[in-house]
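Each of the next two complexes has subunit A plus one more chain, namely subunit B in the first and subunit C in the second.
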Partner chain A sequence: MGAARQRRRQTRAAYLLLAPGLTLFVVFRVYPLLEGLRLSFTNARLGRATAAFVGLDNYARLLADTRFHVSLVNTAFYAVASTVPILLLPLLLALALNRGALRTLLRSVFFFPFTLSVVTVGLAWLWLLDPVVGPFNYYLRALGVPTRSWLADPQTAMWAIIATTVWWVTGYYLVVYLAGLQDIPRELYEAAALDGAGGARSFVAITLPLLRPVLLFVVVTHVIGSFQLFGQVFVLTGGGPGDATRTVVQHLFETAFQNFFQFGLASAMAWVLFAVILVFSLVQFRLLRGHTEY
Partner chain B sequence: MRRRSRAHLVTGRVVLTAALLALAAIWLLPIVWVVVTSLKTTEHIVQLPPEWIPWPATASHYAEVLVSSSRTARIGRAFINSLVIALGTVAVVLLTSAMAAYALARLRFPGRGLVFAMLVGSLMVPSAVVLVPQYVLTQRLGWLSTYQGLIFPEAATSFAFGVFLLRQFFVTMPADLEDAARIDGANVWQVFTRIMLPLSQPVLAALAIFTFRAAWNDFLWPLIAVNKPEMFPLPVALALLRSAYSSESYGPIMAGAALSAVPLLVVFVVANRRIVEGVRISGLKG
Partner chain C sequence: MRQPSHTAVSRRHLLAGAALAGAASALPAPRRAAAQSKAITYWNGLTGADGKVMDELLDRFTRETGVKVEQQRLPWADLYAKLQVSVPAGEGPDLALIHTVEVPHFASDGILEPIDDAALAAAGMRGEDYLPATWQGGVYEGKRYSLPLDVPQHILYLNAKVMKDAGLVAADGRPRVPGSRDELVSMAKRIAKGDTYGFAIGTVGPGRYTWGFHNLLWQNGANIFAKDLKRAGVTEPAALEVAEFWGALEAQHKIAPPANANCRDAFTAGRLGMWIAGSWNFTGLREAKVDFTVAPVPRLFKQPVVWAMPHQYSFPKPKAADRARREAAWAHVRWMTDHVAEWTLKAGQVSASRKSHTDPRITGDPVLKTLLAQAPNWQVGQSTPRWVAAENVTRPVIESVYTGQRAARAGMEELARQINALPD
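Moving on to the complex of A and B:
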């Protein structure tokens, strides 16, 4: 068989294999992404037969929309404030679990909340944190700690949402870290021990640098996720009190589907959000990538 | 001296394990609280101090949300909707991404690098960004409040990740078996279905679990793409349960929450290892 003919056959087979998936992907991902960009320059609304081109009007409206600014600030605050516990707690747990007994059992326990839907998680915590009859405040009172209505207090509402999220996703990142730790060759630690390096020294010299790609993955995944914060807020606070926990996706959702169905304006929000996420991710790549060479 | 440091080490380890066990117990408390509440009678739910043993126990909240509630979408129906949607999504994702990943891992063709780069790049695009146009599209197709209107957008979201995961696995497989089969006259499709797929069962299982979890738990898209109560999947039905009952009793809400956790709990207990392996493969070899 000629080489050219075989190459042609392989190309045809490849395109046939790709066709169903790529069709799905182009129709429901690529097209909506570009269509969203187009909509953001129009005054499209649900039910409006023709949408007119309005240039940058929607973006200009966002510059003046103080609720959008508040939601952007809230979302960024959440993304930054939750990164530290979400980076550290699973890492500490992974280090403790990596060599210890009962690893499988403990890993499973911490992972379990991650199998729940955001609504289930939100409902559980709503009930735990109930200011009057919830157990959390009851035990705090029993310990003599001053309590408050955590979700209804603008000072603490976002922190309650962060705590809920930490409980929800810690197990996932724990498994990611554990996988990363397992991939570090044991001999490195043995060699370091022979050279007289203690636990702390080999953590700084071996574990951290070799874990760098994992840390990068965790941070970027978490930040992309944080900027889409919606479910926890929808269930726990509805964006309140006031606008203390209003997020970008919630604002987008309300603009597009509850408040006159302003699709053009909501699409502009989506693209601003996209740009913010891209900038954050790129900065993190720059900061964490460094030179990881094995 | 030597012996003392060893004793030290053992003590340290025991203390660490005890601390971890304590933390794990605390970690489970919210879930225990949900289940305990769902089994209590309405008067006992609001008792202080909190009662951790549901006595007298009752199944009435479960009966209420599963079959008899007239105020919201019934959880029983929502449970079935979620199963159909999640299993449908898994089927579509497994089929499309296995085929695409095989082509990208094993066949040479023009545009291969571009397709792969596009798919990986799309992993960075948040779903919230395509929400509005996806709604417009689904509406034009007449797919609002239908299973396909939930399955296909959901599958498209997981497709790129599936391709990425499976390709990572396919490229590491030795080529000998395929070469042997091809010499025996098998064509690309036969090599794919008879050799690649059977050998990939662990990673396909992992992808199936991830996809099932994502589809079972997705909230935002069904919240806007479904407006008939009988088509609500579980998360949407649960969120509405909250507004329907929260002023009277947490019992039915917690019963619904507990029910929603069951399928993934089962999957998780049965396939614990697969999940960990899957995280590991997808993790970070890229």
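Moving on to the complex of A and C:
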């Protein structure tokens, strides 16, 4: 009886402690999410008092909206194409910086870009890659290398955005990898060395398997972030040239805030994006889940 | 903040109050407003050098009238989104500066308060004091919603050094001015070498510079919407001709910088010879000590139309009417109208009101004089709530034509499809 009362009291206390966080979560996360879902079934426009229920019309419009399809393809391309450098480059740097005299300094140097806002990064790269007065093309010309307008050429614009993003976020993932590497017990490497395993063998047999949770974290967070790509595109290309770098969030933003403030249609886009991210995340969890211990 | 006192009102206080009220009612409207409301909120998008000039003028206005202006300045696109959100929530400003083409959709969405004839008369504002295109721009479906301040517009900038290096100088030593489309292209070809370009239209990102594309459409008698303002007009032959020219600038003629170039930087750095761009650039070019001259926008198609986009003062709908704040906002509009010559001289924007047009300081400035001389050729966007949304979908399509991703006809057909699909 006393134990049950004690448990009830503990449960009450737990809920009481959770209440502020839960309240904020419901007000700022759950409610907007559900409100967005409701709006996606209306013809709501920002600034207009009334909105009529239109059923699945907005979703049907998305099926016919070729620019939305282009933006989905572009976003998926970005997510896939940027994942490889985002996975590999910070990992290589982390392996190099895991030991060594200058590691603290170099970690700070690599991490520095991540402390900048996306607008700062975008504007800096916009200037660096300016086709006429930008230093990048200036030095290429000086070296006799043919130049091009990296951000205005449909063949290179998305790659330029990927390069900018890799430069920006490498430091962050580097720190994540370093934390993972330093969690791996040194004795395992010593034992492997005694058994005659070389560096490559140790990497494949020890480092990679034990980094699996970190790899999963990097891939999942990066892919989710990729599907929400907006800032770099907004600043660097505005979705151009033409629609070559238009992403879903860029399209959504323009629909909601520029093209007639169509909140109903934009909310439908947001929910389609949510579904896509959910599917990708579940697939990734399933693929990378095996033998992962948390 | 000082708390209101709750002491009893004596007869002496009452008499003194009545005397003050009587004296206040004898003051001219702006002074009276200043006495009633000590602060207004004012939103604008003057994020360039003109913003600093506005700051100076606002300080003077506050010193002279006692009305404090709480200013919010943000990029135009953000300003418009913010107005659309905040005004229905009752959080809009007392006064907002907007572009003429924004008037129809804000008016139709109930964001702006109509301005009636009585209010105009009380403020001493008369249509005949303004240039017609600017005055008319504040009217939507027969009602006035805004009052013009100034007229940002296009002008042709000529980089003296680049033109001279290409041998394109007239007998008087000044840069030659192209008189036709063919002449412009042939002159630009003489300039274009390596990373130096002959011609561009637009400040940043010439490929997607809708205002330049509009200017050329209007010169050819075409427009974004057909005359009924319902269907797109961009597949008409005159519009297709403009789109062909647009698509040939970089890809075929090889005279224009890449679609995303910063033309202002290129012109300043001596990498661009002839540049059609906004009048707001010339004060910056002077500060950067660029050796340049200007000329009216050349007639590249059938008529010498010049794109213009007057800034308009508007009164967003408040949550509850506040006469004192509205009068203080009017006081500012009146004050700026009275001091518009200084705005023109320092910010480089020709005033919409005729008051300053004979000011010798303005007529003596070669750039301002050229801008004023273009007045008969000014044209503004079509008066439809769908104009701004159409402009947004135009941007990527004309860029795809500029970069050669789409042929001109395919681009205009796609643009028409997108414009026709815009909601009413």
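The rule we apply is simple: the second predicted complex is superposed on the first by the 276 of 294 C-alpha atoms of A that agree within 3 Å, B and C clash if a C-alpha of one lies under 4 Å from a C-alpha of the other, contacts with A are read in each partner's own complex, and residues count from 1 in each chain.
One rule holds for everything that comes next: a contact is a pair of C-beta atoms (placed from the backbone, for glycine too) under 8 Å apart; a residue touches a chain by one contact, two chains touch by 3 or more.
Note that the structure is a prediction, hence the values are computed from the model and not measured.
Novice: Which partner, subunit B or subunit C, touches the larger number of subunit A residues?
Specialist: Counting contacted residues of subunit A, the larger count belongs to B.
Novice: In the overlay, answer first, second, both or neither for which of subunit B and subunit C A:A79 touches.
Specialist: Neither subunit B nor subunit C is touched by A:A79.
Novice: Looking at the overlay, does A:Y31 come into contact with subunit B only (first), subunit C only (second), both, or neither?
Specialist: In the superposition, A:Y31 touches subunit B alone.
Novice: Examine A:V219 and indicate which partner it touches, taking first as subunit B and second as subunit C; both and neither are also allowed.
Specialist: A:V219: touches no partner chain.
Novice: Does the superposition put A:V169 against subunit B (first), subunit C (second), both, or neither?
Specialist: Touch status of A:V169: no partner.
Novice: A:L278 in the overlay: touching subunit B, subunit C, both, or neither? Say first, second, both or neither.
Specialist: first
Novice: Considering only touches as defined above, state whether A:A13 meets subunit B (first), subunit C (second), both or neither.
Specialist: first
Novice: Considering only touches as defined above, state whether A:T104 meets subunit B (first), subunit C (second), both or neither.
Specialist: A:T104: touches subunit B, not subunit C.
Novice: For A:L181, select first, second, both or neither according to whether it touches subunit B, subunit C, the two together, or no partner.
Specialist: neither
Novice: Which partner does A:T237 reach: the first (subunit B), the second (subunit C), both, or neither?
Specialist: After superposing on A, A:T237 lies in contact with subunit C but is clear of subunit B.
Novice: Give me the intersection of subunit A's contacts with subunit B and its contacts with subunit C, in residue numbers.
Specialist: 130, 133, 257
Novice: Can you name the residues of subunit A that touch subunit B in the complex?
Specialist: Subunit A residues touching subunit B: 7, 9-11, 13-15, 17-18, 20-22, 24-25, 27-33, 35-36, 39, 93, 96-97, 100-102, 104-113, 115-120, 123-128, 130, 133, 135, 138-139, 142, 167, 172, 175-176, 178-180, 182, 213-214, 217, 224, 227-228, 230-231, 234-235, 248-249, 252-253, 256-257, 263, 266-267, 270-271, 273-274, 277-278, 281.
Novice: In their shared complex, at which residues does subunit A touch subunit C?
Specialist: Listed in rising order, the residues are 43, 45-49, 67, 130-133, 137, 141, 149, 151-154, 237-244, 246, 254, 257-262.
Novice: For a test of understanding, state which residues of subunit B touch subunit A in their complex under the given definition.
Specialist: 13, 16-17, 20-21, 24, 27-28, 30-31, 33-34, 37, 45-46, 48-50, 92, 95-97, 99-100, 102-104, 107-110, 112, 115, 118-119, 122, 124-137, 152-153, 155-157, 159-160, 163, 187-189, 192, 213, 216-217, 219-220, 223-224, 234-236, 238-239, 242, 250, 253-254, 256-257, 260-261, 264-265, 267-268, 272, 275-276, 279-280, 283-284
Novice: Under the touch definition given earlier, write down the residues of subunit C that touch subunit A in their complex.
Specialist: For subunit C paired with subunit A, touching residues are 77, 81, 84-85, 87-88, 105, 109-111, 195, 197, 205, 207-208, 257-262, 265-266, 269, 271-272, 386, 388-389, 392-393, 395-397, 399-400, 402-403, 405-406, 418, 422-423.
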